[in-house]
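Just below sit the structures, each encoded as structure tokens.
One chain, chain A, links the two complexes that follow: it is found with chain B in the first and with chain C in the second.
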Partner chain A sequence: MSEIIVALEKVSYKYPRSLDFVLKNIDLTIQKGEFFGVIGPTGAGKTTLCLTMNAVVPQFYGGRFFGHVFVAGLDTLDYPISLLANRVGAVFDDPETQLIATSVENEIAFALENLLVPREEILKRIPHALAAVRLEGTEKKHPAELSGGQKQRLAIAAALAVQPDLLVLDEPTSQLDPVGSQEVFATVRELNKELGMTIIMSSHAAEEMAEYCDRVALLSNGELAAVGKPEEIYSQIERLLANDLRPPQVASTFYLIQQTGIPTGAIPVRMEEGSRYLKEVEEVCTIYPPKDIRQARVHTSEPVLSIKDLKHVYPDGTEALHGVSMDIREGEYVLIIGQNGAGKSTLVKHFLNLLKPTSGSVKVGGVETANLTVSQLARRIGYVAQNPDNQIFNATVGEEVAFALKALKYPPEEVESRTLEGLAAMGLSNVREIHPLALPKGDRARVVIAAILAMKPEMIIFDEPTTGQDYRGAKYILEISRQLHEMGKTIVVITHHLYLMPDYAERVLVMGKGTLLMDAPIREAYHAVELLQSTYLMPPQAVLLAQELGNLTNQSLPKLLTPEELASCFHYSHNGRTP
Partner chain B sequence: MSMLKFQTVERDSFFTRLDFRPKLVMMAVISIIAFVWESPLLQMVMAFLIIIAALVVGVKFSYIRLVIMVMTPFYILLLLTHGFFNIDQVKALTGKSVLTPMFTFPESWWLIGGGMMSWEGFTYGVNAIFKTLSLTLVIPLGVFTTDVDTMIVGMVRARIPYKIAFIFSATLRFFPVLFQEIGMIIEAQRLRGLAMERMNPAQRVKVYAKVAVPLILGAMVKSQQLEVVLQSKAFSGSPVRTYLHESKMGIEDYLLIAFFVLLLIVATILYFAYGIGKFGGPI
Partner chain C sequence: MGTPSGEEREVKFLGGASIDGAPVAYIVVLAAVVTALSFIPFSIVMATGGSFPMAQGVYQLVGWVLGPIAGAVASGIGALLGVFIAPQTAGVAPVTVYGAALAAFAAGTMVHGSVRSKWWIIPGVIGVGSILFFFGRALLVNGVSLKAVILGGGGQWFGVLLFVLPTRTIFSRWIASKNIGTVAAGLFLGTWASHAIAHVAQSSITYYMYNWPEEVWMLLAGIVPVEYVARCLIGAVIGTGVIAGLRAIGLVKPTYAIY
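After this line comes the complex of A and B, so read on.
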């Protein structure tokens, strides 16, 4: 039996000013060399659990702590955090706040200097740590010069340089784009496989966690609801959904197939197994596509937004857009996808007149945006920032909604009537006198949207609304976008989370290196797998499985997008395939 | 990137290779002399020497121009207040009972009628301008020409508490992040439909003041995250730690320290023995 590196014995914990326990009676052991996943919805206690490993909980926070946490045999209550920092490397979710030095090499050296490691030894460890995360040659760079993925890899390198017994990563990919996320997962996996480093990672990235973890713990409301191998945890679809967690799509697909009475054996949770199971199930089924597949509406209305040959060159000479042309029509739901640096933000900033075209034209409602001010445009195009808190600055919800109307000198009666309409549309009438920041995060986004709605815009842009959100939070905000779409608004969403969008979007704009690589209905775009992968976007597993199914059956299946659509293609024929 | 580069000059020179300690001495000595001297001519010569030195070692002309532009309203105010109103002090310093008029406003003018700008008050204002310019520009001369790492270690070696050195370094690290955040918040406000372009300066200030709400809230969240990160990296603020970067003084560093100490001694002797540097003194 391998060595136990972490042992939690009946651990319960309550923060100093909280009413409830955040961790409740947790018993858990983690073996040396394991890649251990921690999953659970927001508020389940994942971060707190991670912080018990290096004694930040309870030594730094205080509060009431019961039980014991042993790390490499040391009781974390008996040793100072500074000593445990030698044993436990920690990486957090925000790439910005966890890098504190002014150069890459200083970042790696910082903890070592605090731990009194001699200079000569620090000089030896820096190149090793950077090599382990493939950041050689960046020693003198300022952290702000690194991409999001590189910043997280630097945080990992800084943790590794201490030569810890285990590495704890708390949602390290939640703020990253797909490339950054892949970089971090690949790095962590390599450390685990090549160097035998024990990894404890919390993450909402279900597909990757199922792929890489040896075991997974499911936390629910501070309790350890289940611990097991990924195939044991991620195959419990109902349990995951009950905990507002998103199962890997391959697991959802086979779960749904099973629900129709088709024996699938176990539920696979990784793509490789999914492909194998697909073949087995296909052999005992008749495959034909569902009849009621939702097709994207074709919009023939007048364009709300029209862009022609748009080029943009930044003052430093960077060519961010190279001749982009497209129309967005009234009532459309458009998804803009692409890597960081693909030109999405630059494009959207032209919609809002925050940037002026170097050449080409941008028209809103037939008028050149160059002839409109930002505030005039804001009345036609609403913008919901990634962090809605940045758009909130008034003392009550009502004042927040009325704020811009008053600034624009609308008559008091109109301010009142529009405010009431905006509040009612977002279901906020009963919290009008509440401070916006006293509301939950999802409702704060509603406040911003109510304020935008009061301006009666034709189009609303959601800028990465799902980044940093758990499944429940992401669905909540996307349901608001659906509600607005049903109200007749034109919706534009920018996101990296392709798997969340099939139920909402109709049309996809794929951006890459400043060009519009593809402009197509969502089914066409999601099935352009090679094109998506060429720009480092990962199509949802359901799309990949649908393509495999098409190849297996030599059928030209419609372009399926979701586990539900895919599962509905399977029709059990007890004695094998029927013609 | 410009936000990052302002911290250090790009040119490698004798000055950039110096230890931070002689630069600290330089900053201290020049500040003391600038503070004590009241001779407009000497102050002007010193300010020009500092500007030339700064340009030679690579501080961008655009930065110096920006400092001067930002300070210009203040300089005009200095000239006016000293020229018109600093009568008693200037009389005492020069020993004159009547000051030399430069020009006088006609008596008939409302409020300012009869006001006289004196030559002595004007030159005292010139002294004050170059004094502030020297005090302002000696900082980039010392700071911009030193790598942040060397600066931190130099500060610690100069017995400045490590906590202060760390705060200085963390400020430089988070300066770009903070500016980025302010930009994002102002952009978000404009996108709420606020017609900034149609607002008068007072209304704009009122709107910009509201940036503080999300900024402070964001900063509070970030500072708590930062505390946890620091704890995880065994930070305690204790000066008992090792340093990746070394701070070793070479012969040129000692020579520079000796030069500035000597300069201070000479300036003091000249000031008190011969009145050189005094307002109305020989130079």
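After this line comes the complex of A and C, so read on.
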């Protein structure tokens, strides 16, 4: 690894309408064959940095550009994007927006046709590209028939078919479920190890980035704050937290252990090292569990939602739910998890009467949803979709919040008072006259929630609220859910990001293949590792470490969930284990 | 950060994937919008038969978003595709395509204070020349009464007047305004003015072909203003949303866009 494939020299860039520079004096070199990670909070400049590689920044966006970017020896400002497309393959976060053809093979052929590659050559490259991402046999399929992970792998195959020197992936797993995410990471790693392809990937998936990257660059407010090996970057916990980045849980755990004065040596950033360090630290410590572990509240109130033997068969014959039964009680905070296709969305659509049961019953407040209109249900259950932008269509924040109230013919005084309440609850009173799309994404989610709060529903459902958000954005939305829970609302959250939820959820429903696999308090559910893995969910590293610690000490430790709880089990003993 | 330490570079779009400063991707998207709206009829066509496509409300918008040349290309291509896949609104096909391209071109020339501030003369001459030919033929060759021509062609001559007078630049200033209500007003009246240029250019050809009688002129007196209002409402409603959206998401602005 000695040849330089990418060199940035004193690169600064400002978009045409931005007030400040988005990239600031970046100096960076990337070697051929490296797997190079780019991390940083939203707005740090990761996407802009990725887009400089193929000259989309600045050639497409315009703006002011300083310095030089060389890719495979070419100064990107001196060559057209079409020529650089031969050298740099690019894959972005949402596979849906990258696929345009009506078959898998046409998708791969599209870029090649545009680059005037001869037909015979295109026919040769298609099977090679598909084999590289393990999508053989799907040539004739419509891309819409593929799963999320397969779609993203197809986008990678289309980029690979051009035979680029460099593959740039900008948060390629942020929209995917755990299975899709694992597929993409495994594919990219294989391309890097087997074919020697240079990879530049930005991602918030701390555990995977620590595992796979050769080096990582930390961007902060457009500046290159640090570059180093994953163990150098991800062990700087305070620095990561100061930049609103989430360290791998294994690193957080050992950092917290270290903070109690226990010598741990270096801070491990990968699970394998973490297991080894755990054994070493355990030998010089006394292990006993913390006394103040938060236990989930048991709710005995009347169910606000009651489901009995719910079955749903889609018109094409797909059996999406097979006899699901459960109650959700007033004031509960419920987490629904499961891989894509497990039936989570189908289940939630029944809550909202957007789907009718094939058999069984769904009752809200004791009334069959079949006897309630969608507007009646909207007054009782609020729904925050994955992408808040899909729910925003008014010209001002105030109009957005008032929209449903007006549609439901509330008196003008009540519309005004509820709108004011909703805006105030979400801290939006001072942006009432602003266009919602002019607000940052986290604030746009608050607009949607304010509109729901104005309806004063008993229950609020958050559907994948953390997908596509960085750590700060995800925590921000979850803190809102906590605030609403404290206001007495019943909260239901669907997410794949299990590591984010121990501070919030009380009860977990694990869905798999259309059935309810488990309905348990969060500690029970998170420690049912085999069951979670059977539905392709990965328990947080803290849970896995806690189980390893239990095995090492032969103790029946309580079901620990977080690095904080795990670290508080360690009590330094200079002479080793003591009673 | 203080000042950037690197050398400032000249930023230019290399590779030619644009027409007159508008990325080809934009042209494709707006052409597709025109084609899609060609499916929807919004009024019947007196004299020549068939129906008007709703796309007539957005030809002008395409000109304001892309500029005169790219706008004419997008509008013309969109209308050409529409002629084949939505024949119910095609009318006299070449005239429909000509009108779509001319409407976008005329709209794109409604600029103030730029190097292209005189370009409006081209559609202005076409509009005035067409109206003279159209009305002249009715009055002098076919013997239609002046009253019928003035009333039946009212929407058209009023629009051409709005286009050739300085009102043209007032509307373009309104479209560039930050106030969305002013933008809507600019789109409404701007649609009237620039569509009138295309409409008289088309009508001068179809009138030469069909020579409709005075009775039809009198019927048009009641219908044409209503059609113009509908067309302008379509332009204002769709245009306000498109312009507000484009401003909000901050996509690169074509060189000769006026929003």
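Everything that follows uses one rule, which is that the second predicted complex is superposed on the first by the 578 of 579 C-alpha atoms of A that agree within 3 Å, B and C clash if a C-alpha of one lies under 4 Å from a C-alpha of the other, contacts with A are read in each partner's own complex, and residues count from 1 in each chain.
Assume a contact is a pair of C-beta atoms (placed from the backbone, for glycine too) under 8 Å apart; a residue touches a chain by one contact, two chains touch by 3 or more.
These numbers come from a predicted model, not from an experiment.
For the composite obtained by overlaying on chain A, chain B and chain C can both be accommodated side by side without a clash. Once the two complexes are overlaid on the shared chain, A:Glu9 sits against chain C while remaining clear of chain B. Taking chain A as the reference, the larger set of touched residues comes from B, when chain B and chain C are compared. When the two structures are aligned on the shared chain, A:Ser82 is found in touch with chain B and with chain C. By the document's definition of touching, neither partner reaches A:Arg472: not chain B, not chain C.
Once the two complexes are overlaid on the shared chain, A:Ser375 sits against chain B while remaining clear of chain C. Of the two partner chains placed around the shared chain by superposition, chain C is the only one that A:Gly222 touches, whereas chain B remains out of contact. In the superposed pair of complexes, A:Leu437 makes contact with chain B and with chain C alike.
Of the two partner chains, chain C is the only one touched by A:Lys24; chain B is not. With both structures placed on the common chain, the touch criterion links A:Lys308 to neither chain B nor chain C. Here the vertex is the CA centre of chain A, and the angle it makes with the centres of chain B and chain C is 30 degrees, a multiple of 10. When both complexes are overlaid on chain A, the residue A:Gly67 reaches chain C alone and has no touch with chain B.
Once both structures are overlaid on their shared chain A, chain B and chain C have a minimum Cα-Cα separation of 5 Å. In the superposition on chain A, the residues of chain A contacted by chain B and by chain C overlap at 60, 81-82, 437. Residue ranges on chain C touching chain A, taken from their complex, read 1, 4-17, 23, 180, 244-245, 248-250, 252-253. Touching chain C in their complex are the following residues of chain A: 9-12, 15-17, 21, 24-25, 55, 58-68, 77-83, 222-223, 395, 435, 437-438. Across the interface of their complex, chain B is touched by residues 51, 54, 56, 60, 81-82, 85-86, 88, 90, 92, 94, 96-103, 105-106, 109-119, 122-123, 126, 142-145, 158, 352, 354, 373-376, 378-379, 382-383, 385, 389-394, 403-404, 407-408, 437, 451-452, 455 of chain A.
Every residue of chain B that touches chain A in the complex is listed here, in rising order: 1, 3-4, 7, 148-149, 169-170, 172-173, 176-177, 184-185, 187-199, 207, 210-211, 213-214, 217-218, 222, 225-236, 240-246.
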